[in-house]
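Sending over a structure as structure tokens; questions will come in a sec.
For reference, chains read A, B, C and D in written order, and residue numbers begin at 1 within each chain.
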Amino acid sequence: MTGPDSATIRVRLFAGLREAAGWGEQEWSIEQARSPEAVWQQLRLGGDLLTVRIAINHTFAAADQPLQAGDELAFLPPISGG
Amino acid sequence: MTGPDSATIRVRLFAGLREAAGWGEQEWSIEQARSPEAVWQQLRLGGDLLTVRIAINHTFAAADQPLQAGDELAFLPPISGG
Amino acid sequence: MQHPPHLQIELLSKRFEPLKRLEQWQQQHSNAEPGTAAAEALFIGRVRAQASDGAALTALELEHYPGMTERQLNALATACSQRHGVERCLILHRIGRVLPGEAIVLVAIAADRRGPAQRCCQELLEALKHEAPFWKREWRADGNGQWITGNTPW
Amino acid sequence: MQHPPHLQIELLSKRFEPLKRLEQWQQQHSNAEPGTAAAEALFIGRVRAQASDGAALTALELEHYPGMTERQLNALATACSQRHGVERCLILHRIGRVLPGEAIVLVAIAADRRGPAQRCCQELLEALKHEAPFWKREWRADGNGQWITGNTPW
């Protein structure tokens, strides 16, 4: 039903993670992005996922939450606002 | 050594106590004002001294603290500042 | 240890504008030691339109004990500021007749960190409400004026 | 229960004057419902002149997650304001490049009582520091810019 072009998620990185990876935003095929932790492993950024917070569609999420086509997945390094 | 005129203390009342007594400031002979509680009993204002705070020379004091000529003794009804 | 906290404490018999006074206070601060205090915790209290029993309030009358009130405020501010290691402390408190909506008290604390600033502001406000000799009388529309015995719940 | 709290939340890419913004906020308030909120607890945070390691700081760079940051601030402010039953809540937060001495955050809470106002101001400040996606990078005089991982001690 869905064409191959739409079966993607958007992956976003911020601050130190963005700089470590060298990019801030990419489209990933849903085939390679079944869960946040599956994406994290493929990113090979070296850090521990436990120190990173995950957001799916602007909401905090667990590392094993299943992803769906069209989702925006973000990896958030330790927050330092205010 | 001191004349009878100087052997006094000043008694001060505030807010509701001042209005109950009908005066805010009086000189008392030290003979009748050996301690705050002795003064309080003679004032016959009817309230419980436990609900009233005592100050001697602008400092909170106990009901049995001895008074000396020249002292300023104040009875302070419950505080409601701020 | 840093130098002792800077205290400014005033009893005011006339209406004051809290933000105007804060502006002056901040200005002095930034002129004296630019960029030291990164955190400011502030509290402004105003007179309610209702008396404690819910009746319409015409005015609040604030009696104090000249001499002792200033002395107590100073002692409370010194102790609290030193305990929390804050840099600057401003207390403005009205006396006399205060109208609904007018500011009755302003407490401002500047410190290097948010925790000490907030804790000092909060504790000092409680301290002055319970330990500095002020008495409030509520004047109602019917001409009735009653002394408040005790403070508003926290 | 009273009506839901009034929230105002803004991310600002330019310098702002906390007291000017507070004045506008108070004005709206007194125009809308004169004399309701008797207590205002306020917090202003500024950029320090030193980086976390003590070196001179040229500027702080604040990255955020457009869309999520606003959404989170709104959720945090709603929850905190309702939990404490406060009337009005203002959050201003800088993004982008912020210079030493400039305000980076302002939290203002108006409530009927001092306790709820102070508690809400304090909790909301902690919440936004730890739960809203902002990241600080410290730019030093030597041109070195380092991301901060974690927050300043309370």
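Operating definition for what follows: a residue touches a chain if its C-beta (ideal position, glycine included) is under 8 Å from a C-beta of that chain, and two chains touch if they have at least 3 such contacts.
Treat the numbers as computed from the prediction; the structure is a model and nothing was measured.
Peer 1: Give me the fewest steps it takes to get from chain B to chain C if each step has to go to a chain it touches.
Peer 2: 1
Peer 1: Any idea how many Å lie between the Cα centroids of chain C and chain D?
Peer 2: A distance of 23 Å separates the two centres.
Peer 1: From the C-alpha centre of chain B to that of chain D, how far is it in Å?
Peer 2: Roughly 49 Å separates the two chain centres.
Peer 1: When the centre of a chain is set as the mean of its C-alpha atoms, what distance in Å lies between chain A and chain D?
Peer 2: Taking the mean C-alpha position of each chain, the two centres sit 28 Å apart.
Peer 1: Would you mind listing the residues of chain A that make contact with two or more other chains?
Peer 2: Within chain A, residues 82 contact more than one other chain.
Peer 1: Hey, what residues on chain D touch two or more of the other chains?
Peer 2: 45, 114, 125
Peer 1: Sort out which chains touch which and give me every pair.
Peer 2: By the stated definition, chains touch in these pairs: A-D, B-C, C-D.
Peer 1: Once bound in the complex, which stretches of chain C touch chain B?
Peer 2: Interface residues on chain C, with respect to chain B: 45, 62-65, 67-68, 71-72, 93, 104-105, 125, 128-137, 147-151.
Peer 1: Along chain D, where are the residues that touch chain C in the complex?
Peer 2: 19, 22-23, 26, 30, 34-49, 100-101, 112-115, 117-118, 121-122, 125, 152-154
Peer 1: Along chain A, where are the residues that touch chain D in the complex?
Peer 2: Contact set of chain A toward chain D: 12, 14-16, 19, 51, 55, 58-59, 74, 76-82.
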